[in-house]
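Next, two complexes with subunit A in common: one pairs it with subunit B, the other with subunit C.
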Partner chain A sequence: MNPVNIFPLIGVGDVVIGLSLGSRLFLIAVGLSLIFGVLGVLNFAHGALYMLGAYFALSVVTNVVDNFWLAIVVGAIAVGIVGAAIEVVTIRPLYERAESDLDQLIVTFGFVLITHEAVRFIWGSQPYSTPMPDALNFTMSIGGSQFTAYRLFVVIAAALVMVGLWLFIKRTYFGSLVRGTSSDREMASMLGVDVPRLYTAVFFAGSFLAGLGGALAAPMQSIGPNLGEAVIIDAFIIVVIGGLGSLSGAFVGAMFVGMMQSIVPQFFDAGSIAVPFLAMVIVLLLKPEGLFGGIGE
Partner chain B sequence: MSTQNDGLVDRIGNVGRQAIGNGWTTERFALLGLLALVVVSVGPQFQVYLFTEFLIIALFAVAFNLLYGYTGLLSFGHAMFFGAGAYGLAIVLRDYQSAIAEIVGTGLAPLATFVVGGIAGVALALLIAIPVGYLSVRLEEIYFALITLAFGMLFYSLLLQDPYGLTNGSDGIFVALGGVELGGTEFRLAGRRIYYYITATVVTISIYGIWRIVNSPFGTICKALRESPDRAAALGINVSVHRWMTFIVSALFVSIAGVLIAGFSSVATPNEAHWSMSATPVVATVIGGASYFGGPIVGAFLYHYVRWGISRFPALEAYWELFFGIMLIVVVLYFKQGAAGGLAMVGAWLRNVQAAYDRGGANAATAFVRESIGEKLGSMMSRSTTGRSDDGGTDR
Partner chain C sequence: MWLTVVDKNITRDADGIGSSTSGTGYDRRTILKTATAGAGLTSIAGCLGGGSGGSGSVTLGAMNILSGFASLYGEEAERGYDLAVEEINNNGGIDGNDVEVIVRDTEADSGTATQQMTSLIEEDGVDGLMGLDSSGVAQNIAPQIKQSQMPLMITHAATPYVTSPEGESEDSVGNDYVFRCSNTVAHDMYGAAQVASELDATDWATIGPDYAFGYDTWAYFQAFAEGMGVDANFTTEQYPPLATSDYSPYISSILDAEPDAVITPLWGSDLTTFLGQAEDSGWFDQIDHTLFSVGMGTDLPSDGSPLPEGEWASTRYDPFVPDTEENNTFLETYMEEYDTLPTYNAEGAYRAVYLYKKAIEEGGSTNAGDLVDQFSGMQHTGPVGEYEFTETNQASVASIWGEVTYSDEYESNVLEPVERYEAAPADVRGALEGSDLPPGL
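What follows is the complex of A and B.
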């Protein structure tokens, strides 16, 4: 019995694993939430973009240069460009249409199908894994439980993204444009904000974050064509619990779901999948705007 | 038709004459549809099998569209009722077959079990739809889609993790329909042709039932709610109660499709209730055209047969989803009427061509064809060059 362990049932390792699962989910959810908060579009294809980030990083590492850090950056930017293209070509024509929320949802669902097949066409159906960068590929031990150092790195990276994004939205000029457009699109447009361009930029940023999440998580998971469909549902749970459009809500929601995935199955097996959905239903019924406030909160 | 005789034969004859006499009327479509059902039943076994599945998806999509196209609510959790129907049948078949055989005798037991199982599946869906619908219709648009998705996945996780030892987890429950003995010969209910007759009958009656509903005062209120819930409320309609009722009716018909799919595929698995199954009627309905009653049927036909057609080419086999993804986007962006709208447009155009021909012969008809195509191209060009214009801040 290790005397340092103050959690006799929950190991520190489980917490780190839960937080690292939550971190990758945070990077998808925060982009999803940002896009919804500013554009009012619920992007069904966001999980597909996350998956593309993992595949792009994989291809860079295996085919171009064997540099993991470069692969992450290239992957995330490439996904951002894909997202911006989706916005310009298929979502922009729908802003003018009244009652277009459901149309946007269906169009982005079309991209779920397209990406799924495109990925199978390019990379095939077999699962891949990306090797961990050597610098972080060692086992750490805290309080008697062990985990890979890379997982801790992912947690720190996600926290840095959260802080950076918060500062960006709160403190920069561009951030104030984003907040202004989010609260009143017509007024922002009249004050001279180029709204369509801002929308494309936000869609780029949201997709970039999803791609970053996918690329960062690539060494922690097996990469296959169904990855996107699996994570988008988790992302929906998170943004609903945290509040659609809320950045801090995405953070708290993601950590909640990540911890659920790593810790709950150890205590009771039956129902561990059901709990997050139950939480989603309860939040939607009692507080549909989520547990946290709107954009920039 | 000088004398009006109320005899049944004459009445059928009248419907037939009207159908043939008045051009492409509803009666004519219905007659053609029934004729197609009969023709298919004598086709090759595999085609019968394929058509059976199409009919089930068509019922699923038509029932879903009662809520989406007619009432304006997009549910991403209808697979829950599809699954409920399938599991209702499967559980009754597994646990109560011998009890039912004791009551009705072994000869008719399989048929009786099928009927009881079907009723159980619909009852289970009703039991779920009443509370789920009551809670879900308080939300609108995206939030309605999200809460139905959450309820659907909640149901899916219960089926998968099986906390009460009822659903046999991810393996699901085997569904063996058995056979009925009549006059010395055995009719296997799961036989492809016999199951086709059962499916065709049930689906035809169900779709006719939905057709009656959408053309009743109930359906008119649905359409009013789709166009403007506020105005409907101002006219004295209880918006959430009516949406709740529509949700339940839609769920019941979806569960009938679920019962049929369990018998068709001989198994009920949690996949029947997974959210990707909820996407099936969405894709079929949007591609087919949600604003037409027949749209989901056309969409289901495309969904099913394009998929089958693509699978004929081994090189393309795996990529049928790509086609539907592109179709989905094109339809939503440029062609909101869907494939059924396209058919209606082509039909109207052909009628105009014929009218031109009746007026001035072949020259007039070709002139009309040339003119109308030129007009169409012209309007498409102008639409693409006008681009986006600001609407000046309409309330949304």
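What follows is the complex of A and C.
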């Protein structure tokens, strides 16, 4: 197809869908990128934490109090605590090992399996869905396509997370500690930074973001034990394209993958999977560190 | 545990050697099993200082999806196996022997399914295999089943190519050892075309999973619609990958094409995700009719977005049809045990165990060759009704479609009204004559 002819076929609706897909992907990729950028841990269990966020929110809404907003907060914090516990108990002892990268990978992969089976044990394998909050459960027509207000809310929420996190990293004292430690852990330690505690705090924050992403996505898709596996591949593609450890890279990568997933299927059946992979290969060949580099970039 | 396994292997080896169909008296499987038995005996001699096991038992191996997007299907199948095993063992077993079912997870992956199949045959020494939920897996496993010379009773996977004899078409992999007691895509689409002929809809589209099952469903639907003279145009098709988390781009493409009706074979949690997003996009306001070809498989026990009332869904078994004593008893027992209506996957699994019981008792043997002989052309009655195995080893079951209606009594969707389309092999073949698609029955 002539590229010139493609653009008139891309409607406003397709762009909104792409932004929506990208926003959800950003919410999971940013935590993954943050943890890697500061701790150097490639957290395979990040998708599992995203899934737990959805399940925790579901459980709060259905079993505790029928308040979706509270469920999101509780879900995200609970996942943050789970993540921090994983870091303290199982990852912290590995930092000093010679082959710590591989050990960390295996440990976090172990948590993928453990979480998967735990979810099946607690909630079963059947798919669940979480009701949307009433205030946002109405449809709007944009570019001839219908969208729920909730879907648009998630786009805004992702943008707010991006801005908030950027300001936090760039403008706060704690942010400067995070940036400093990610640059040189030993120097930060010698200057009095409590590195183990900072690592745990960052792992909490990354896990919190995964939980927040899962809780926010819960009303838009079915929740099942494979939810984490479905998103972790996309998240890895995004952080490779954007640059491991880069916030703006995670944002740009997520929006790129989201747009590809929205637009490409109209032209090639399997293109929504193939094109992001192709982009990742090109980035790895030409700019292995990703489009953006380093924490805070 | 060791004693049971070894004892079982010896018993079956005796059958295998005595009545092998290979002509030489030994086949690969017999030798393997003999070796396993030998190894087992050696272990026992070393560990226990000799001794022999207790009474014999029948062991069946099941392969279903127990994890991932369609794990619900495997769990439902397990319920069916468990119920059948409990009933059979409480009523004298199979020829006086207890039956045991070992269920393994295929993870909807052909490589994993192959490993599980090999392990069940060579390590667990099963007498027969059953299960399989994915068409793609079934298609890859069927040739290996032939090599292993072990009977397989498929209870769910619906690709017509596994009961289409090798050589009938490029993808045909049917052989003497592969049987299926559940419907095929051909059955389902034969009924779907009949439903389509009665609906006020001309422009049709599809959205299905991006593998053989999605493409086959659309190909067979079109072929049957054309073969049966249905006034239909086929406008657009969308094939999202399995485990897609957001169907919006695909939904948007279908809505842009403005079809009157859509047929979708989405299944498992994919269907649940799709339903919620379709509803949010105004799908059910804009599309007059949606036909869910696998809908009732997951809808019954699901807490997720249910199928909307008034749409159409097919099932391979309906808990209320036929109104026979056998079906009513099964429904009652199942509901007592699990407190939910039985899905077709549970019924298929339940029936497969009884098919093995019948074959073993009538043939007086658990030897693979004897089981295959018994299954060939077997007539059987189960909750699903009466049926027989055609010359391609496919059960002559009906195609069942109905309108989705919520039942307060069962707190679940049911099909009401529901229609059984008796998909007689001759009728199905006749309707497909103008196409190059194999009927698979």
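Quick note on the criterion: the second predicted complex is superposed on the first by the 285 of 297 C-alpha atoms of A that agree within 3 Å, B and C clash if a C-alpha of one lies under 4 Å from a C-alpha of the other, contacts with A are read in each partner's own complex, and residues count from 1 in each chain.
Keep this in mind: a contact is a pair of C-beta atoms (placed from the backbone, for glycine too) under 8 Å apart; a residue touches a chain by one contact, two chains touch by 3 or more.
Nothing here was measured: the structure is a model prediction, and the numbers come from that model.
Colleague: With the two structures laid over each other on chain A, which partner does A:Phe111 touch: subunit B (first), subunit C (second), both, or neither?
Modeller: Only subunit B is touched by A:Phe111; subunit C is not.
Colleague: Kindly classify A:Arg120 by the partners it touches after superposition: subunit B alone (first), subunit C alone (second), both, or neither?
Modeller: Both partners, subunit B and subunit C.
Colleague: Touch check for A:Ala84: first (subunit B), second (subunit C), both, or neither?
Modeller: Neither partner.
Colleague: If we overlay the two complexes on their shared chain A, which of subunit B and subunit C does A:Tyr128 touch? Say first, second, both or neither.
Modeller: In the superposition, A:Tyr128 contacts subunit C only.
Colleague: Touch check for A:Ile233: first (subunit B), second (subunit C), both, or neither?
Modeller: Only subunit B; A:Ile233 stays clear of subunit C.
Colleague: Quick one: is A:Gln221 in contact with subunit B, with subunit C, with both, or with neither? Answer first, second, both or neither.
Modeller: Second partner only.
Colleague: Would you sort A:Asp14 into first (subunit B), second (subunit C), both or neither based on which partner it touches?
Modeller: second
Colleague: Quick check for you: in the superposed arrangement, does A:Ile273 touch first (subunit B), second (subunit C), both or neither?
Modeller: It touches subunit B and subunit C both.
Colleague: Which partner does A:Val281 reach: the first (subunit B), the second (subunit C), both, or neither?
Modeller: The answer is first: A:Val281 touches subunit B but not subunit C.
Colleague: Using the superposition on chain A as set up above, list the residues of subunit A that contact both subunit B and subunit C.
Modeller: Looking at subunit A, the two contact sets intersect at 116, 120, 125, 229, 269-270, 272-273.
Colleague: Under the definition above, what is the set of subunit A residues touching subunit B in their complex?
Modeller: Per the stated touch rule, the residues are 42, 90, 92-94, 96, 98-99, 101-103, 105-107, 109-114, 116-118, 120-121, 125, 186, 189, 196, 229, 233, 236-237, 240, 244, 269-274, 277-278, 280-281, 284-285, 288.
Colleague: Tell me, which parts of subunit C touch subunit A in their complex?
Modeller: Spelled out, the residues of subunit C in touch with subunit A are 66-69, 71-72, 74-75, 210, 238-241, 243-246, 248-250, 252-253, 255, 268-269, 272-273, 276-277, 280-282, 298, 301-305.
Colleague: For subunit A, which residues count as touching subunit C in their complex?
Modeller: Residues in contact with subunit C: 13-14, 17, 20-21, 24, 116, 120, 124-129, 139, 145-148, 151, 217, 219-227, 229-231, 261-263, 265-266, 269-270, 272-273.
Colleague: Looking at the complex, which residues from subunit B come into contact with subunit A?
Modeller: 72, 74, 135, 138-139, 141-143, 145-147, 149-151, 153-154, 157-158, 160-163, 275-276, 279, 282-283, 286, 318-319, 321-322, 324-329, 332-333, 388-391, 393-394, 396
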